[in-house]
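One chain, chain A, links the two complexes that follow: it is found with chain B in the first and with chain C in the second.
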Partner chain A sequence: MNTLIILSAVGVLALFSEMLNFKKALGAIILLGLVGAFAADVMAWNTNRHYYNEMMVVDNFSVAFTGLLIVITFLWFIMSPDFFREPSSRIDHFALIIFALIGGQLMTSYNNMLMLFLGIEILSIPMFILAGSNKSDLKSNEAALKYFLMAAFATGFLLFGMALIYGATGSFQIQNITQFIKSQQGNIPVMLVAGILMMLVGLAFKVSAAPFHFWTPDVYTGSPTVITAFMSTVVKTAAFAGFFRLFSMCFESSSATWANTIWALSALTIIIGNVTAVYQTSFKRMLAYSSISHAGYMLMAILALNQYAQGSILFYATAYSISSITAFAVLLLVSHLAGNDSIESFNGLAKKNPLLAFATVLAMLSLAGIPPLAGFFAKYYIFTAALQQHYTGLVIIAVMGSLIGVYYYFRIIIALFKSENDDVVIPVNNTFKVFLVVTSVAALLLGIMPQLVAGIL
Partner chain B sequence: MVQYTFYFLSFLAILSALMVVVSKNPVHSVLYLIITFFAIAGHYVLMNAQFLAAVHIIVYAGAIMVLFLYVIMMLNLNADVEPHKSKWLKFAATITGGLLMIVLIGALRNVSENAAAGLPGNDIGLVKNLGRVLFNDYALPFEVSSILFLSAMVGAVMLGKKEIK
Partner chain C sequence: MNHLIQQVPLHYYVLLSTMLFCIGVLGVLFRRNAIVIFMCIELMLNAVNLLLVAFSVYHGDAAGQIFVFFIMAVAAAEVAVGLAILMMIYRNTKSVDINFLDKLKW
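Up next is the complex of A and B:
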C-alpha cells in the first residue's frame, strides 16, 4: 500500500516538474522515489495485510513481484534518459512509465476482479500512448493503433469473462469465488467455465501467447526501442504475475476445466515463437518473437501450480527481464548509430566495443538457457515443476523449442565476431557502462546462486 | 409484462446492433448504435438499476455518440469509402465468430435459471445505495481509477501537442 502511495506521488510530482522548475533534477527524484518504493515494498515482507475491504492483499507473492517490477523500472530509468533528447517529452514519458508501474503493482496484489481490471488498464493505456510516442514515424503510429484496437478487443473478452463469473458466483472477490468453486465439489457450472475461458483469452493476449500473439511483433518493432524494452520486461512480468495469481489463488480447484487449454496454448506459443524467430532478419523483431516463446515457457508454471511453481515463475521472470533489458540496451546504442535494427548492424562489435559485445553474449546465452547463466536455471526450475505434475510431453516440446532458440541466439553471437571493414567505435557513456556491467553480473550471479531469488517464495 | 418488455428490448438491441455492422453509411451505423444503447438502458431499468440507465444514456447516447459523429465528420466518411476487405477474410471472420457463438450458446443453453446468484434486494440500483457501496466498499478502486484518467489525460496532451524543434 505504501508502495502504491509513493509511486503515485512520484508520478504526479513528475508532471509538476516543468511548472515548478526542477526539470533537471527529475531523473534523480524519480530514481530516489523508486528506491523509496522498493524499501516500502520490502518492509511489507511477511506482513500479509489486507486493505480496504479485501480489495488488495500484500502477501509475499505480491511483494516479490512488485520488487522485481521496481528493480527493472529502475534499470530502465538508468538506461533510457539519453534517448529522449527533448526535456519536455521526457517529463511525459517518465510520468507515464511511473503510472504504468502502478498498474503493474496492482496486478501483482489485487484481491478483487475489479482491481485486476483496473491494474490491466492502468498498465495498458500508458503503453498505447508510449508505443505511438514517436509521432513522425509511421511505424510507431501503426504500433500504437494496432496495440490499442487489439487490446480493446481482448479487454472485451476479459470483461465478458468477469461478468459470466460474477453471474455464476455472485461475487468479484477472489476468496468468495474460490469458496464457491470448492463448494461445488467438482460439479462446476458451465457459466463459470465459460467465464474462466473468456478471462484466459484476455490474459493470454496480454502475455502474448499464441494464437493471440499477432500484435506482438508489429507493436514491438514499431514502438521506439526504449519503450519496447519496457514492454517486453515490466509489462510482461506484471501480466504474468496477474495471470498466475488469478489461476493459482482463484481457479486452482477447477483446474480440470482449463488445464488442457493452457497446455495447448503453451505448446503452440513455444513452437510458433521459436520457429518464427529463426526467420527474422531484424534483431528487434527477433527479440519480439523470442519474448513470445518465453511466454510459452512461463505458461508452464501456471499449468504446474505446485509448490515449485511460484518460485520458478518469479525466477524465470527475473532472469528473462534482466537479459532482455540488456539486449535492448545494446540494440539502442547499435541501432542509433546504424540507423536500422538488422542483425547485420551487430557485425564486428566484438572488436570495436568489447564491453557491448560481452554484455550481448551474456544476454543471448542467458536467453538461450546455457549454463551457468540465469536463463538455464530459470528453464530448469520451470521444467522441473512441470515434470513433477507429469507434463512430460509438454516438457519435451519445450526442450525442442529451446534447442531451436539456441540456433537463433547464436546467430547474434556469431555476427558479433564477424570481421567488419569500418571501425566506427560506438561511444558509450559511463552510466551506460555501469548499467551493462551490473546487468551482466546479475545474469551471472543469478546463474551461480539461483536460490537467491527462486528460494524466497 | 416484464417478460414481454425484455423480449422486445432484446430483439431491438440485437437487430440494431446487426444494422450497425451491416449498414454501409457510417452515419446510419451511429444512429443504429444509439438505438442499441437505448435498448440496453431499458434492460438496466428492468433490472432496477435506474441510476445506471440514466448514466448510460447520458454518457453513451450523449457524449460518446457526439464524439463518434464528430470523428466521422472530421474524416469526412460519407458513403462507401470503407476499405475493401478480401472475401476470404470476411468468410473466415464469419466462420470463427459463428463458431464462438455456437459454442457459447451450446454451453450456456443448459444453465439452470437459478445459477445467477440472487440479487440482494430490489432497491440495489438506487443512487443512495450505489453511493454507499462505491465510497465504502469500493473506495480504493474509485481512487485508483483517478490514476487511469490522469495517465489518459497526460497521454492525450502528449500526443496532441506540437514537437518543439
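Up next is the complex of A and C:
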C-alpha cells in the first residue's frame, strides 16, 4: 500500500517538476522514489492486509511481483537515459512510466474485478502514448494506433466477461465469486462459463498468446526500442501476474471449464512463436516473437496451478525479464550505430566490443534455456509443475519449442563471432557497463541459486 | 423505475447487449476507417454498460452501476488518447484509413 502511495507521489511530483524548476534533478528523484517504493514493498512481506474495503490485498504473491516490477523499472531507467534527453517531453515520459508501473502494481494486488480493470487501463493508456512517442516516425505512429485499437478491443472482451460473471454470481469480489463457484459443486451456470472464457480471451490478448498475438510483432517493432523493452518486461510480467492471480484465486475450482482452452492456447503460442521467430531478419522482431513464445511457457504455470506454480511463474518472469532487458539494451546501442535493427548489425561484435558481446551471449543462452543460466531453471520449474499435473503432451510440445528456440538464439551468437572488416567500436559509457555487468551477473546468479527467487513463494 | 426495468425479462437485456457487442466486434474487424473503429469499440463498451446496469437492477446491488461509471471514465480517457494518436497519424499521412498503415510487415 505504501508502495502505491510513494509511486503515485513520485509520478505527481514528476508532473510538477517543470513548474517548480527541478527538472535536472528529476532522474535522481525518480530513482530514489523507486528505491523507497521497493523498501516499502519489502516491508509489506507477510503482512497480508486488505485495503479500500477489500478492493486490494497485499499478500506475498503481490509483494513478490510488485518488487520484481520495481526492480525491472529501475534497471530500465538506468538503460534508457537517451530517451529522456528530448527536452520537450522528458517529463511526460518520466511520469507516464511511473503511472504505468502503478497500473502494474494494481494488477498484481487486486481483490475485485474493478481493480483488475483499472490496473489494466492505467498500465495500458501510458503505453499507447509511449509507443507513439516518436511522433514524426510513421512506424511509431502505426505501432501506437495498432496497440491502442487492439488493447481497447481486448478490454471490451474482458469487460463483457466481467459483466457476465457479475450476472451469474452477483458480485465483483474475488472471494464471493470463488464461494459461488464452490457452492455450485461442479454444476457451473453457462453464463459464468461464457464470462470466464471471454475474460480469458481478453487476457490472452494482453499477454499476447496465440491466436491473439497479431498485434505484438508490429507494436514491438514500431515502438521506440526502449519502450519495447518496457513492454516486453514490465507490461508482460504485470499481465501475467494479473492473469495468474485471477485463475488461481478465483476460477480454480471451475478448472474443468477452461483448462482445455488454456492447454490449446499454450501449445499454439509455443509453436507459432518459436516457428515464426526462425524466419525473422530483424533482431527486434525476433525478440517480439520470442516474447510470444515465452508467454506460451508461462501459460503452462497457469494451467498447472499446484503449489509449485506460483514460485515457478515468478522465477520465469524474473529470468525472462532480466535476459530480455539485457538483449534490448544491447540492441539499443547496436541499432543506434548501425541505423537499423537487423541481425547483421551484430556481426563481429565479439571483436569490437567484448563486453556487449558477452552480455548478449549470456542473455541469448538464458532465453534459450541453456544451463546453468536462469532461463534453464525457469523452464525446468514450469515444466516440472506441468508434469506433476500430468500435462505430458504439452510439456513435449514445449520442449520441442525450446529446441527450435535454441536455433534462432544461437543465430545471434554466431553473428557475434562473424569476422567483419570495419572496426567501428561502439562507445559504451560507464553506467551502461555497470548495467550490463549487473544483469549478466544476475542471470548467472539466478541460474546457480534459483531458490533465491523461486523459493520465496 | 426499477419496476419498469424489471417488466422486461432479464434475458432480453442479455440478448440485446450481446447483439450490440457483436455488432461492435464485427465493425472493428471489417471497417477500415479508424474513427469508425473507435465508434465500434465504444459500442462494445456500451453494450457492457447496458448489461451491467440490467444485472445490477435484477440483483438489487449497486456495484454494477458503480462499475459503469468507471467504464465510462476510463473509456473517455482512452478515446482522448486514441484521438490524439489519430491526429498524429493524420498529420503524417493525411488520412485515417488503416490500410495506409502497412509499414510494419516482414
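Basically, the second predicted complex is superposed on the first by the 454 of 457 C-alpha atoms of A that agree within 3 Å, B and C clash if a C-alpha of one lies under 4 Å from a C-alpha of the other, contacts with A are read in each partner's own complex, and residues count from 1 in each chain.
To be clear about the criterion, a residue touches a chain if its C-beta (ideal position, glycine included) is under 8 Å from a C-beta of that chain, and two chains touch if they have at least 3 such contacts.
Nothing here was measured: the structure is a model prediction, and the numbers come from that model.
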First, second, both or neither for A:Lys236, with chain B first and chain C second: neither
Partner chain in contact with A:His213 - chain B first, chain C second, else both or neither: neither
Touched partner set for A:Lys139, first chain B, second chain C, both or neither: second
First (chain B), second (chain C), both or neither touched by A:Lys379: neither
Partner chain in contact with A:Gly170 - chain B first, chain C second, else both or neither: both
Which of chain B and chain C A:His294 touches, first, second, both or neither: neither
Which superposed partner A:Arg90 touches (first chain B, second chain C, both, neither): neither
Contacts of A:Tyr52 with chain B and chain C, given as first, second, both or neither: first
Which of chain B and chain C A:Phe128 touches, first, second, both or neither: both
Overlap of chain C and chain B interfaces on chain A (superposed complexes): 114, 118, 121, 125, 128-129, 132, 135-136, 167, 170-171, 191
Chain C residues touching chain A - in the complex, by the definition given at the top: 14, 17, 21, 24-25, 28, 34, 37, 41, 44-45, 47-48, 51-52, 55, 59, 61, 63-64, 66-67, 70-71, 74, 77-78, 81-82, 84-86, 88-89, 92-93, 98, 101, 103-106
Chain A contact footprint on chain B (complex, rising order): 104, 107-108, 110-112, 115-118, 136-141, 144-145, 147-148, 150-152, 154-155, 157-159, 163-164
Interfacial residue positions of chain A with respect to chain B in the complex: 4, 8, 11-12, 15, 51-53, 55-56, 86, 88-89, 92, 95-96, 99-100, 102-103, 106, 112, 114-115, 118, 121-122, 125-126, 128-129, 132-133, 135-136, 167-171, 189-191, 193-194
Residue ranges of chain A in contact with chain C within the complex: 113-114, 117-118, 121, 125, 128-129, 132, 135-136, 138-139, 141-146, 148-149, 152-153, 155-156, 159-160, 162-164, 166-167, 170-172, 191, 217-218, 221-222, 279-282, 285
